[in-house]
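What follows is a pair of complexes built around subunit A, which joins subunit B in one and subunit C in the other.
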Partner chain A sequence: MKDRVAVIGIGCTKFGDRFERSYEELICDAAFEAYDDAGIDPAQIEAAYLGTYLPGSGGGKAAVSLADALRLYDRPITRVENYCATGTDAFRNGCLAIAAGTYDMVLVLGAEKLKDRGGRGIPRLGHPLLARGNTAPGLFALAANRYIHTFGLRRETLAKVAVKNHRNGALNPKAHLRMEVTEEQVLKAPIIAWPFGLFDCCPTTDGAAAAIICRADLAKRFRKAPVLVKGAGLAVTSGRPYFDPTFDYLGFRSTQAAAQQAYAMAGIAPSDIDFAEVHDCFTWTEISNIEDLGFCPKGEGGRLEEEGQTALDGRLPINPSGGLKSFGHPIGASGVRMITECVVQLRGEAGKRQVKDPELGLAHNVGGPGAVSCVVVLGRG
Partner chain B sequence: MKDRVAVIGIGCTKFGDRFERSYEELICDAAFEAYDDAGIDPAQIEAAYLGTYLPGSGGGKAAVSLADALRLYDRPITRVENYCATGTDAFRNGCLAIAAGTYDMVLVLGAEKLKDRGGRGIPRLGHPLLARGNTAPGLFALAANRYIHTFGLRRETLAKVAVKNHRNGALNPKAHLRMEVTEEQVLKAPIIAWPFGLFDCCPTTDGAAAAIICRADLAKRFRKAPVLVKGAGLAVTSGRPYFDPTFDYLGFRSTQAAAQQAYAMAGIAPSDIDFAEVHDCFTWTEISNIEDLGFCPKGEGGRLEEEGQTALDGRLPINPSGGLKSFGHPIGASGVRMITECVVQLRGEAGKRQVKDPELGLAHNVGGPGAVSCVVVLGRG
Partner chain C sequence: MSKPDGTSYQKYLPRIDEESRGYWEALARHELHVQRCRDCGAKRFYPRALCPVCLSAATEWVRASGRGTVYTFTVTYQNQAPGYRDALPYVLAVVDLAEGVRLMTNVVDCAPEAVRIGMPVEVLFEDVTPEVSLPKFRPA
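Let's turn to the complex of A and B:
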């Protein structure tokens, strides 16, 4: 698949409390921005993929509600769901459909309305045998505590991740929580699930993002410098890592495996990556993920954060967009939103949050929690 | 994609009230039967697709619960959802992943537990503005009544579809309702939504099905006569046909469009098809579908049924398996189960329900209701 698929258009809504826009409206806002960005008419789209985790009551509205709204008449629209890796996996499947030679141009969408779910909210995670506390903060905190015990990580280091990502997000007009926070604010925030205080957790967010991809050999018709898909990987590991007796609570094998698949396809090493959008649902998750992605040995992620290596002007900027932490996390949208950030950065159009002259960017989702990861590597054409 | 993907293994559970087997167990029953049928080890599977419409509470358990059970360690497993077209669309995406050249061998799964959903049941269908009656029987009955009014179809003809499909299903050890019914029984059954009596409706069913596909050029290593994928199409039409002012209530454009895509890819005409597994969620749906698939002009489907042309020994056998009507309809499983029937028939291994010497078979799902259809054409290698 390497170098056979190009991204020629992107779109992303303002993330946040979007009570004033419906699910379909958010998707259209992102899609029509992408149509315009690519300079195409919807009639040129031959197939679409939609990443949504919770499409409303019992599977309610998803692909079938979109044909008219997106001006995609009688075309294929497939919904992909893979927990918090939904968005990147939708993108991966769009790329496979192009690489198959069946479609020349595909629209990839990610969208979620999390604030409008009435009393239902996000369902409990984890295994049915797990009782109280099997929420995302609870389960990621279990791993974070073990990690802290093993490597001596301090809450001050976790707080630095939040400070950095909010600093980046404050530069981003589309971020949900567009504000800086201080290390003191993060440390003094109410505890959600120790060691995570409120500012260690990403918010609950509405939003949608879109990417238009096409055959790489056709891409120059639409853009002078299209961004190319270099590699993609998806890995599902043990049903629930928390029930796997070999799980060490120090990181997620799914991320390691998905990254290996993507690097092998791209023919690169982790050290070739210039910046990454990484799944920072909690501050600890970013630290663990950058280790699992191979950017540093296990246990040294905190040091990278402490030394500022992951800052916008650091050696390896992580989450220049603001990440899930500040940009927000509408589950199915996040992966596609990460792709749009990678494209903006690789085009050199990120303005105040521009990473210096990047060649290769990476987008990474982990979900399940921990059971599934998806990694996409994008590069300048 | 034509002739580039082969089916080398299939598996299917007994369909029915499967309270004694969990969702994951049903999937494993189907998958391990398929591993055995292909003569492969799970380690040879490089990626998997899972079609499930309602994976438990709020998106609960789907792809991430399967890795260990299926012996697929650190591999990609993607859930696809597309209403009642979920199973065939999962298969279509598995085929695209092979055609992309990224994976040599892929496992496609379809599964649903509909009997274990507690008080929740199947969610209401249709548009949120629709109030009472927006169930599957209610919405399909709206179209059936208009069709009856326009073409003068009689309930006796609807009943003949049920009689035929139950006759086929009675020959099928894995069918849910493995029994024959008489025309009188069908006509005298309690009315669910006029013109549909109880026996005009498919049952609510648990079940799982599996197919193993691989690169066509590698297929002969595994089977002397693999079945080839000739074409596939997916079409999403107007968000809800019932809200489209141009909808004539006489059939579904999504089926017409998906069939055209599949026929064009295969380079065939509808008249080349030797038998078809068609989405007979209600007796009327089969009649309308065989018209939309191009097997006869609109309004003449009833005559084909009346004349016995769709019987096992007829000109164009429809639903030799027993169809959704008798075999059952675990939503995400049905499309993959149809693929397994096509393969069994094309191999000439269908025993008492064998269609005479078929070269080309077709599997068709419609969902939404009516908004999405998926068509797959399979042929002898």
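Let's turn to the complex of A and C:
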């Protein structure tokens, strides 16, 4: 697949509490921006992939939510859902379809409208056989506490991740939580599930994001310098890893496996990556992710954060967009939104949050927690 | 011993199915059981039809000692789901049983701040309906 698929257009809505906009409108906002960015007519879209956890009302568990919103009828549209890796996996599927030579041009779109619908906030992760009041923060906290016990990570280091990502997000007009926070504010915030306080957790968010991808050899007709897909990996492990006595709770092997697939496909090493959008659903997750992605050995992610290596002007900027922490986390939209950030950065169009001269960017989702991971590597054409 | 009628219990109740029936029946007798593969001898939790080691369907229930250690835990301060919102803060914990299997549970009968990784714990049983008792753990 390497260098056979190009991203020629991107679109992304303002993320946030979008009570004033419907699910269909969010889809249209993202798609039309991507059509304009690519300079294409919607009729040129041959196939589409919709990444969504909660489809539009009446849409059921199918791709009709995308077809109806965009009036894209009589052509293949596939709905992808794979926990929090939904968006990046939708993108990966679109890339495979192009690399296979089946279609020349594909739309990938992630959309989610969570704030005015149930299912988030009040957790339903409660099968009493397996769980005892586990919440999303609680499940990641189980891992964070074991990690803290093993490596001596401090809450102050977790707080530095929130401070950094809020600082990046404050520079981003489309981010959900556009305010800076201090380390003291993060540390003093109400505890949700120890060690996570409120500012260690990403928000629940509405939003949509889109990417138009096409055959790399056709891409120059649409853009002078299209961004190329270098590699993609997806790894699925047990959906119930918590009960496996060999699971060490120090990281996620699905991320390690997905990253290895993507690096092998791209023919690169982790050290070749210039910046990354990683799944910072909680502050600890970012630290664990950058280890699982191979940017440093296990247990040293906190040091990278402490030393400022992950800051916008650091050696390896992590979540220049503001990440899930500040940009928000509309499940199915998040992965596609990360792709759009990679493209903006690789084009050099990120303004105040621009990373210096990047050649290769990486997008990563992990869901489950730990059950499913997807990694995409993008590069300058 | 009298058991609650279950009408006041707001947290999630299990759908008892064929794979887990033996587990729930044992808990109702205040015994913690895990499955053992009749072919390779591997013990497993959660209950399921096939052995995760050798895929054998030949399974028997064996009584666990109820003793274990806390592998990891968190103190949950926010959960607005019915039943849980009235029980905050509570300890969500992963306990490794002496039998080599792992389960998710709550540590009770002690201050949440007193729980530690590696702490020895023992099972106790909370009766929530006439059919359902839940295994919880307390410092041993």
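Assume the second predicted complex is superposed on the first by the 360 of 381 C-alpha atoms of A that agree within 3 Å, B and C clash if a C-alpha of one lies under 4 Å from a C-alpha of the other, contacts with A are read in each partner's own complex, and residues count from 1 in each chain.
Keep in mind that, in the parts below, a contact is a pair of C-beta atoms (placed from the backbone, for glycine too) under 8 Å apart; a residue touches a chain by one contact, two chains touch by 3 or more.
Note that the structure is a prediction, hence the values are computed from the model and not measured.
By the touch criterion stated above, A:100 is placed in contact with subunit B alone, subunit C being left untouched. Of the two partners subunit B and subunit C, it is B that touches the larger number of subunit A residues. When the shared chain is aligned, subunit B comes close enough to touch A:78, but subunit C does not.
By the document's definition of touching, neither partner reaches A:34: not subunit B, not subunit C. By the touch criterion stated above, A:108 is placed in contact with neither subunit B nor subunit C. By the touch criterion stated above, A:69 is placed in contact with subunit B alone, subunit C being left untouched.
Across the two superposed structures, the residue set of subunit A contacted by subunit B and also by subunit C is 122-124, 128, 240, 244.
Looking at the complex, you find that subunit B touches subunit A at residues 1, 47, 53-54, 57-69, 72-83, 89, 92-93, 95-102, 120, 122-124, 128, 233-240, 244, 253-254, 257, 261, 265, 367-368, 371-372. Those residues of subunit C lying in contact with subunit A across their complex are 11-14, 20, 23, 45-47, 71-81, 84, 87, 90, 92-94, 96, 100-106, 117, 132, 134, 136.
Only residues 121-124, 126-135, 137-138, 141-146, 149, 190-195, 240, 242-245, 249 of subunit A touch subunit C when the two sit together in their complex.
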